[in-house]
Amino acid sequence: MNTRKKNLGALLFCLPGLLILAVFVYFPLIENIIYSFQSFSLSSSSKTFVGLNNYKELFSDPVIWQSFKNNVLYAVVSVVMQVFFGLILAAILEDKVFRRSESFFQTVFFIPTLLSLTVVCLLFEFVYNPQMGLLNSFLEAIGLDSLTRIWLGNRDTAMLSIIAVSQWQSFGYVTMLFIVAIQKIPSDLYEAAIVDGAGKIRRFFTITCPMVKQMFFVTMVLTVSGAFTVFNEPYILTGGGPGTATMVLSLHMYQTGFVMNRMGYASTIAMLIFVITAVLSSVQFFSFGTGKEERE
Amino acid sequence: MKKLLVAFMVMLALAPVFAGGSSESSGNADAETQIFFFHRWPNDPKNSMFNDLLAQYMEENPDVNIEMDCILNDQYKERIRMIVSTNDVPDVFSSWSGTFAEEMIASGNVLALNDIYEADPEWSGRLASASVAGFTFDGTIYGIPWSQDGKVFFYNKTIFEELGLEVPTTWTEFIAVLDALKAAGYEIPLAEGLVDQWAVLHYLGTINQRMIDEETLAKDYDPATGEFTDPLYVTALEKWQQLTTYMGDIASAIDHETARNTMFATGESPIMYLQFAEIPMLEQVIPEDFEYGFFNFPAFEEGKGDPNALTGAPEGFMISNKAENIDACVDFLKWLVSPERGYILSTVGGDMSCVDGALDGEGIYESQKEALAMIQNASYLAAWFDNACDPSVYVVYGQGGQAIATGDATPESVMAQVQAAAASLH
Amino acid sequence: MKKDRIFSKSISGKLIFLMLILLSVIIIYPLLWILMSSFKDYMSIYQDVWGLPEVWHFENYVRAWTRGISQYFVNSVIVTIATLIGVLFIASMLAFGITQLKGRIGYVAFLLVMVCLLLSPQVCVLPLFILLRGLGLNRTYLAMILPYIAFRLPMSVMLIRSFFVSISKEMEEAAIIDGASLWQIFTKIYVPLSKPILSTVTIMTIYYAWNEFLFATILVDSSSLRTIPVGLMVFRDGLMTEWGVVMAGMVISCIPLIIVYLCMSRNFIRGLTAGAVKG
C-alpha cells in the first residue's frame, strides 16, 4: 500500500494537536528563553538585550536563595509525608484486617483531592487564624495551650504551616496511587511468603516495597516537581510573608514579573524552575520509558 | 464521536461570541454612541453601585452605551499603564492623583479639561479644589476627582476619656499614650493586620513623608534618580520598628480588616490607622455606644517633612483624547460626579465624594463630615506609597516592613535592600 | 517500633484503626466546619467558632450566588466543557495519527508530544500572557481554553495512544480491504472501542479545568471571565468581606466535582491515577 499517502493522511490527524502544542507550549518556551536575556516591562515597547545580567542577578538575589530553600523544604517534607507515609498507609489499608473499612477510609482520604486549591487554602486560613482558628482552639480545648502559635505570622512556623496544607490535600492521592500499585501485585506472591512463615512487616519489605518500586519512583518525582512549582498555597495564604519567609520560586517569579514589572528577570527565574523540573521529569521519563505499555 | 465533532464545531462557531462576551452592560448595545469605561472597583459594594448607576444613566440616555470593565488594584495599575499609551486606551478610566496621574498624562493620550471646567462653573465650582489640584499639572487640569480619602489614627474616645489621655500631636506624646494604654491593661494598644502589605506600606509612606524632606523624597521616589541614602530613612524604619512593638505578635498573621473588626471595633485595641473610606464599614460593626475620633499622624521631632500633610490622594477619572465621543464622555462624567451620585458614592460605596453638597443629608455619618474638614485643613495630600514610587522599591519596602515587625530584619538591612532595588532601576 | 504483632494482635490492630479514624477526623472536621459556618453571619463565626449556627442564614447561599458566584460558575462550566471537548477531540486525533504514522516520523511526532510532559506551566506563563495579549485573546474565554487544551494534550495523548496500540489490528485490516478511509477507521473502529480510556481522560480534564488557578489568575484580564477558583479570591479581597458568604461560595464551588465523584468514584479514581500509573 502507498505508505507515503497514508502517512500524509495520518499527519493530517496530528496537525491540530501539534499546532496547538507548537503555539502554546513550544513557542512560549522559546520566547521565555529569549526573554531571560532581556530587560523590559509590560508597558515598554522595546526590549533591551542585557546578556547574562539577569542570570548574574539570579545568583546574587537573596530572595532566590530563600525561595529555593523553601522549595527544598517543601520537597523533603512532601516526600516523607506523602511518599513514605502514603506507602505505609496504603499497605495498612490493603491489609486484610481493614478490608471491611478500606473503602470508607479510601473515600475519606481522597476527598481533599477533589477540592480546588483555592478552597483548601481559604479553609486553612480559618484553621490557622490566630483569633478563632480551629487549630489553636483545638489545642486549647485539649489543654495544650502552650503549643498554640501564630502559625502564619511567625517566621519559624509559617513555611511549615503552608507545607502542611499541601500534605493535608495530597497524601490521600498518593496513598491511592500506592493502593492501585499494591492491588496489582499478584496475590500468590504473598501466599507463598505466608507459607514460608514471613510476617506482615517482612512481607511489606520483601514483597510490597520491591513490587511498587516504580510507583515509588513516580510519586517521588511527582511530589518533588510539585514542590518546586508550588504557587497557590503561599500566594493565597501569606503572599510570601512575613517578609520573604514563605517565598517560593514561582511566587517570586510572579511578583517580579507582574508586580515589579520586570518581565526579563522574571523569565530568568522561570528558566531556573524549568531546569529544575525538567531535570527531575526527565529522570523519570528516561528511566522508566513512558512509551512502554507494561499494563493492560 | 460525531456528536463530539458537532459540539466542537459549535464551540468554534461560538468562540467569537465568547470573545465578545466580556461586556458587562447589555443596556443599549447597538446605540450610536459607545463609551468604554474602565475602573478599578470589581468588588462589592462599589461594583454593584457602578452597575446600577450605569443602568440608570443608559436608561436616561438611550442613545449611549457604556461598556464597563474593571479589575482589582494592582492588576488595574499594571493594565492601565500598559494600554494608556496605545490605541486601546479606554475612553474613560479611573486614576489616582499625583505621580500616577503624571504617568498617565505622559502618554499624551489624556484629554486636558480646562475648557470643560470653565464652560460649566456651576458644576466645576462644586468640586473640592484640593482634589482638583491633585489632577492639575502646570495649570492644566487632566482629571475629574470623584473621591477623596485620608489615612489617620482612629481612637476610641471612651477609653481615652476614662484614662484621661490627650490626643497626641508629636511622636513622643504618641508613644507616651501607647505606653499608658499598655500600662492600663490594653495589651495591644495599636491594632493592625500586617498580612496586607499595603497596610504596611501606608504606614511606611506616611513615616517617610514626615521624616524626610520633600525634595529628597521626590528625588528618591523617582525611579531614575532614587538612591535612598539619607540616614533618616533608617531612622524612619526605626520608628516603624518601635510602633510594631505595640501591635502584638498577632498583627503579623491577620489582615487589616480582621484587625479593624475584631480588635478596634470591640475596644480591645484603642487605636488603629484607618482610611476615611473605612468609616461605613467600621460603623457597621461597632456597638451603638462606640465613640471614636481621629488624629493625624503625629510629627517626628527630628522630621523634616511637613507634619500637616495628610496621606490619601484623591481619585478621579480621566478622559482619553482619542475617545470618539468626547462630548458624551464629558456628559457622562458630569452626571457621575454630581451631588446626587456623590451622595450614592458616600453612602453606598463608602468613599467620600469630592463634590460639594454630596455629604449632606441622611445616611452620611457625622464622622464623614469631620473627616471632610480634616481633609480640607491638611496642608497638602500626600500620595499613597504604592502610587508614589516604583514597585521594585515598594515591594522590598513592604516585605522589609513585615520582616521588621516579626523581628527578622533590622532597619539597616532593609534599607540596604531598598538601596539595591532602587539602584537596579537606573 | 513496627513489629509483626502490630497487625496480627487485635489491640495493635485497634490502635491503628484508631489512628485511621483520627486521620479521617482531621480531614472531615474542617470540611464540616466550613459547611456549618457557611450558614452563619460574620460575627457569629468569630464569636462562636465551634457552635452550630443559632440562626441558619440560608440567604448566604443566595447572596454568594447573586453576588458573583453564578457568573464564575457559568464561566467555569463554559471553560471546562470547551476544554474537555477540545482535549478529547484533538488528543484522540493526535494519538490516532501517531499510531498510523509509519517510520521515524511517527516516533518523532510522539516524542514532540511527550517532551511537553517535562514542562511545568509556570515556565510558559509569562510568554503566554504576552502572546495572548498580542493575539487579542486576553479578554476572552480562549485565554484559558487554549492553554488548558495545550497543557492537557501530552498526558491525554499518551494514555489514548497506549490504548489505541492495544486494539487488535484485525478489524482495521478488514476495513482497509473494504476501502475504508482513515477517518472512517478512526470514527468507526478506534473511537467506539476506546470509551474506557476516553472516560478516564474526561475525568482528568474536568478535574484539571475546574480547579486550575495559575493560568486563570494570570492570563485573563477581564473580571467578568473569572472562573470559580479565581472568583473566590475576589470575595476575600478588598476591605469588606462576609465570611459566611465566602464559605457558601466555597461549598457551591465544590459541589460539581463531589457529585461526579459520588456518582462514579471508581472511574474517578482511575481517572486521576491513570496518568501517574502509566507514566
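As written, the chain order gives the labels A, B and C, with residue 1 at the start of each chain.
Basically, a residue touches a chain if its C-beta (ideal position, glycine included) is under 8 Å from a C-beta of that chain, and two chains touch if they have at least 3 such contacts.
Computed from a predicted structure; not experimentally measured.
Contact topology of the protein chains: fully connected, every pair of chains touching.
Chain pair with the larger contact count among A-C and A-B is A-C, by C-beta pairs in contact. Measuring from the averaged C-alpha position of chain A to that of chain B gives a distance of 38 Å.
One simple way to say how far apart two chains are is to compare their mean CA positions; for chain A and chain C this gives 15 Å.
Residue positions of chain A touching 2 or more other chains: 42, 131, 258.
Looking at chain B, residues 75, 262 sit in touch with two or more other chains. In chain C, the residues touching two or more other chains are 46, 186.
Listing the residues of chain B that touch chain A in their complex gives 74-75, 78, 81-82, 85, 194-195, 197, 249-254, 258, 262, 390-392, 395, 399-400, 402-403, 405-406, 408-409, 417, 424.
Interface residues of chain A facing chain B in the complex, by the touch rule stated above, are 42-43, 57, 62, 128-131, 150-155, 238-245, 255, 258-262.
If you check the complex, the residues on chain C that touch chain B are 42-43, 46, 67-68, 78, 81-82, 85-86, 88-89, 92, 137, 139-142, 186-187, 191-192, 221-225, 234, 237-241. Of all residues in chain C, those touching chain A in their complex are 2-4, 6-8, 13, 16-17, 20, 23-24, 26-31, 33-34, 37, 45-47, 49-50, 90-91, 93-94, 96-98, 100-103, 105-106, 109-110, 112-114, 116-128, 130-131, 146-147, 149-151, 153-154, 157-158, 162-163, 165-166, 176, 181-182, 186, 207, 210-211, 213-214, 218, 228-230, 232-233, 236, 246, 250, 253-254, 257-258, 261, 265, 269, 272-273, 276-279. Note for the complex: chain B touches chain C at residues 1-2, 4-5, 7-8, 11, 15, 18-19, 21-24, 42-45, 48, 69-72, 75, 79, 256-257, 261-262, 277-278, 281, 285, 350.
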